[in-house]
Amino acid sequence: MVQKYTSMAYASADDLVFGKAKFPVKAGLGLEIGAGYTTPEINYAPRPQAGKSKEKLIKEYERITTDSMQRMVQIGAPSVVLETEHVEQMTNNPSWGGEVAHAQKTIMEEYHDEYGIKCALRHTPGDIREDRDFLKLRGDKYDLLMESFEQIAQNGADLLSIESMGGKEVFDYSILRNDTAGILFGIGVLGSMDMEMIWSDIADIAKKNNVVAAGDTDCAQANTAMFIAGGLLDKNLAHTIAIVARAISAGRSLCAYEAGATGPGKDCGYENTIIKSISGVPIAQEGKSSTCAHSDVMGNLVMQACDLWSNESVEYHGEFGGTSVQCWGESLAYDCSLMNVALKTGKEKGLRDLFTLSDKYRDPQGYVLAYENAYRVGQAIVKDGTDNYLRTKNAAVECCTILDEGIASGKLRLTRFETKALAKVQADLAALPDNSDQFMSDCLTKYKEEVAVFRPENYGL
Amino acid sequence: MVQKYTSMAYASADDLVFGKAKFPVKAGLGLEIGAGYTTPEINYAPRPQAGKSKEKLIKEYERITTDSMQRMVQIGAPSVVLETEHVEQMTNNPSWGGEVAHAQKTIMEEYHDEYGIKCALRHTPGDIREDRDFLKLRGDKYDLLMESFEQIAQNGADLLSIESMGGKEVFDYSILRNDTAGILFGIGVLGSMDMEMIWSDIADIAKKNNVVAAGDTDCAQANTAMFIAGGLLDKNLAHTIAIVARAISAGRSLCAYEAGATGPGKDCGYENTIIKSISGVPIAQEGKSSTCAHSDVMGNLVMQACDLWSNESVEYHGEFGGTSVQCWGESLAYDCSLMNVALKTGKEKGLRDLFTLSDKYRDPQGYVLAYENAYRVGQAIVKDGTDNYLRTKNAAVECCTILDEGIASGKLRLTRFETKALAKVQADLAALPDNSDQFMSDCLTKYKEEVAVFRPENYGL
Amino acid sequence: MLDLKKEDIDGILIRYNVSLEKEMTPDEAAEELYPKDELIYPIAKAIYEGEEDDVIDGLKAAIDAGKNPIALINDALMVGMGVVSQLYDEGIIFLPNVMMSADAMLDGIEYCKDQTDEVPEPKGTVVCHVAEGDVHDIGKNIVAALLRANGFDVVDLGRDCPVDEVIEAVEKEKPILVTGTALMTTTMYAFKEVNDKLLEKGIKVPFACGGGAVNQDFVSQYELGVYGEEAADAPKIAEFILASGDGIEKLREEFHKH
Amino acid sequence: MLDLKKEDIDGILIRYNVSLEKEMTPDEAAEELYPKDELIYPIAKAIYEGEEDDVIDGLKAAIDAGKNPIALINDALMVGMGVVSQLYDEGIIFLPNVMMSADAMLDGIEYCKDQTDEVPEPKGTVVCHVAEGDVHDIGKNIVAALLRANGFDVVDLGRDCPVDEVIEAVEKEKPILVTGTALMTTTMYAFKEVNDKLLEKGIKVPFACGGGAVNQDFVSQYELGVYGEEAADAPKIAEFILASGDGIEKLREEFHKH
């Protein structure tokens, strides 16, 4: 059963800081996450040719693992996490994922034994619950996905994650049409419902295998919005709308921890500061050292409260400085070293504020995610913590309020276009019903009609 | 004429900090380096195929320039420097280098005009003064090199640099044999002599063309030592010897500023903190965000006093997050943003100390380069500032003393191997003569015999 | 928490989007571009505003006033959409406006066709798909929407699309352009297969490829490949083909920016 | 400045080299490995210590005592060098020691050859070079030194070496292995040419390539290529060829780590 959050883990926003979580998590070989130090989390994608057979794939991951571990000891890094985001074959053939996890863990154990380096392995199966045209969240694909989690948990993965996709069919339609209700329905309601189901099961598998149910991210929706929004000069989506989607996603991704996950939340969840403020779980984040994978406008800010610090993903290939995992892993390790010095010398809050200020006024997204604003979004969520609709709507409303204040302060300078989009979202939100039954029935009617690929049975509706 | 430094630019080590130099340098389009903010310096290498013709090469650099500038405005970076390190064809055909500089500068001017972004272009011709078997520092190759500087200075390069090679034939022989006298002779004496000649001429060219003579680095020697020394587990060279070579190199690279250069010193000069302490010129540095180009054991520490922050070099190619110059450029820009926030909020010394402490005890190299130790090496140099031999010998001796103190403190923990190598260097240094004439004649005799490729006429000897 | 003084912010970051924003509001800019004809004007404006009902009302009025329904497609609907595309290209309006305008335009086209037996002269067909094994389809959706917005007929094969389906569709639809989107390094190799199978059949249609994982170097490796950086390039490529033919070399010269 | 407490340092960095350092000193470790024969022992030890004069003295004594000069190369000089190589591989001693020992060993070999008309059985020749256009030669120098240290005859073509010179040398020297070093992306392409020209002449000698810019993917693209990660791999590759033949596939299986 899920236990919804109705209060904040921290008494004040100022308690949020990198490297320390209210509820640290022990994992893998000697590692404790959120226990006073930060750890690099290295991410990678196999070279295209490596997907050709199971043997090639395993060999590729062995090389990636050895390279990464080797570089960490070469520069004296005390700890590291590796994350393997499955390519589709690895999830669709659960034994493949298991074999890769086993191969990687074997190498990590050797390094741990020889050097004492603390380490853990995260595996993130792909959310394969769809066929070509429709999401297929329940049924045989679901069982296959759970079998994949079983296999990796049995074979060496220490941290279990996924970037689940519930609600995305409605969201995809809505985000390109500035449809506020649809964004809220897709992420806040449908997404949350699917999260509660899937994470109850993943938490059970983790418990059974004595590993960690680590957490999810709203990559499929909030990050899609962030990517479509793009940089300062892109013109595909107002950044004010992207941040509303992000605020909503905090309520959605929180469901994992309500269903039994304990963190560390996944790197690409830019909603994680909000989640940490509510739940006290450790979180992974990515930003200025994940430019290999994507560009964003808050590269430093996201370090403010991270416990793992990730490069998101890089294709495995050679660079002058070594293989790509070695290069990016080393950059991450130095970032962590900086944070760890601050932690050891009691200067962590000062450094955190520098991180935050770097990007607080760069973009509306950073402004709302700045920890003291993120904390307020958290408060808005727990106020109606037991109702997925109300709490995500609260988050959206609070997000808009925070932006209004930022504009009023004169420090957050938005374009007219962004301001107009914000005003529209506020009006849309104000027009929404006050109770979730009404919202649900309105949306079911509307989106069954407008979104051809929307199947209510995916959500047991 | 060269004017040797005999005193320190700063009254105390604590005055050394990133983003501020005693003598800031104006360059390019609206940029001022060392004037209270740090700026990313993006470096790149063309794809291999691009070298096939002049047209291809120019097109490649145009693309690199556009990509870099575009990403900077997308994330809101206020300033940027681009550095083009010539591939050999560009220096050997001086007009090529000029045309590339022109093509790049044209694009940068467009961005400056449209967005107001402050920017400057550094060009670094290759030191082509050699034939297949021997260094050929003087003569027609020298003239060709100077013609290359002329061309780039006339056609858009704002900052002129080179990584010159004087002394390298003796150094290469000595470094693989733990030959302390040879290391000192190669870097400290021969290197300095060549520097004085070449930089007097580059400074003249810069003056004539109203651009900046920016500076040199002992890449050919001190960095070679650093690379051979490698990571913690490499076993090709004691890191204690590598740092002695580095200390010596400070006396050598300083010669550029004595001959008229004004900075910013080049990124790969890990000796630059020492040089800044003596001369007050702004410096470029590279470290935790140049892992694309090389690995080192002081990724954060080198940020302590940087004014430009560089990725050293990355081959131009695609990544998930854009082209490689965009990815690394963005990471650099966020690093700079962090430093700039600290500068604006008066927290720069606190942040600097965190950078330094990250790596001060990681390796003997970082220990000596930590700013308060670097300052002491600077003092040792200026004590006998007018004598290239004595001042570089002083630097080496002071370096060893600093290491001894570190060991005594219990915080710097060396391997027995490193300690033994250090003891040998100290003994070697103690046995060296007290005056440079003696040293010069000893070395000439010895290395003419031992190093087949050593040609005294390269140094006018 | 620590804070920055307002005047210090610009030393750390510059909101280039704010400093560059055009003086004119989008509505003012659009107003300048609408055709003056008083029957056409309301249709074009309704397209810009994305109001389907107003589009239909405007069309009705124009037809009642004697305008030819099929001619209205080009003279009113496409003109209105042209205003939208131009403002989008200039960075004055954003994609959601384009999407909503395109929806309104498509409704308008349907309406016009219903009013007559004539068939409009097609501008050209484009076949769009996402590579086999890949579910990332937002980029492709944007591409398809912008192509439609520019008056092209789009055959959208959806995501995770088998190579053979692409070939079949090309044989059947005879498009002026095929587009492929892939966001994963493991799926983009399907483009090579598409290329090879098209060539096997002797079909030399330009094959514009884009999406997160795809880069210019990769696309240059197969004969028909033209790299597309952003969705807005797709209609530009299609227009270029109409204007200057489908030579791959010329297309690459024009669109390969890296 | 701010400082770290001693006990806090390990939370930030771990000097794995210090924590892993072997209990034994290098001298003690070497002592355990020297051969016991009292004529051989001093030679091996002098090699380890890099003392040319002592090597010659030891050889003199052994020859005076009736040992065959040519046999001494394998039985004393190579054995001493074997101690050095083993300690280097185990991380107990460092490269400069190897270099100095190798110098001493080479002097010793010259001396032995001078004492007789016999010629020693060669272990095998390796041709080393740095790619055309590239002046970075330290890596190649280390490779050559370690090959010599392991008893191979090295023909060192130096740096910036034209492709044709490599081919000529291979035809002349019939090496068991060719090595190439390149540190720049713009120069490493010469390796492909070397490969192609060798194949043209029907010469299928393994071509081990390494150096900063070079990576395994690149080297795998041409038929004779074997990627070498670090200099110490060069003698391992040569030994592997002596033991298991020069099949490129087998070599790649053994030495391709990425």
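To keep things simple, chains are lettered A, B, C and D as they appear, and every chain counts its residues starting from 1.
Note that in this section contacts are C-beta pairs under 8 Å (C-beta built on N, C-alpha and C of every residue); 3 or more make two chains touch, one makes a residue touch a chain.
Just so you know, these numbers come straight off a predicted model, no measurement behind them.
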Contact-graph distance - origin subunit C, target subunit D = 2
Through how few touching steps can subunit B be joined to subunit C?
-> 1
Per the centroid of Cα atoms for each chain, what is the distance between subunit B and subunit D, given in Å?
-> 32
Could you grab the centroid distance between subunit A and subunit D? Build each centroid from C-alpha atoms only and quote it in angstrom.
-> 49
So, in whole Å, the Cα centroid of subunit A is separated from that of subunit B by 40
Where subunit B touches two or more other chains simultaneously, the residues are 45, 47, 73, 76, 232-233, 315, 320, 337, 340-341, 345, 347, 350, 354, 357-359, 362-363
Spell out, as numbers or ranges, the residues of subunit C touching 2 or more other chains.
-> 2, 4, 12-13, 15-16, 20
In graph terms, with chains as vertices and touches as edges, which category applies: line, ring, star, complete, or other?
-> other
Interchain contacts, given as pairs of chains that touch = A-B, A-C, A-D, B-C, B-D
The residues of subunit B that touch subunit D in their complex are 13-14, 45-48, 51, 87-88, 130, 132-133, 172, 176-178, 224, 228, 232-233, 235-238, 315, 350, 353-354, 356-363, 371-372, 410-411, 413-417, 421
Subunit A contacts subunit B in the complex at 45, 71, 73-76, 230-234, 287-295, 297, 299-300, 313-315, 319-322, 326-328, 330-331, 333-335, 337-338, 340-342, 345, 347, 350-351, 354-355, 357-359, 362-363
Within the complex, which stretch of subunit C touches subunit B?
-> 2, 4-5, 8, 10-16, 19-20, 212-213, 215-218, 257-258
Residue positions on subunit A within touch of subunit D in the complex are 36-37, 47, 63, 66-67, 73, 76-78, 114-117, 317-318, 320, 323, 337, 340-341, 343-345, 347
Contacting residues of subunit D [partner subunit B, same complex] | 1-4, 6, 9, 12-13, 15-18, 20-21, 25-26, 88, 91, 93-96, 99-100, 133, 135, 137-138, 141-142, 145, 158-161, 184-186, 188-189, 231
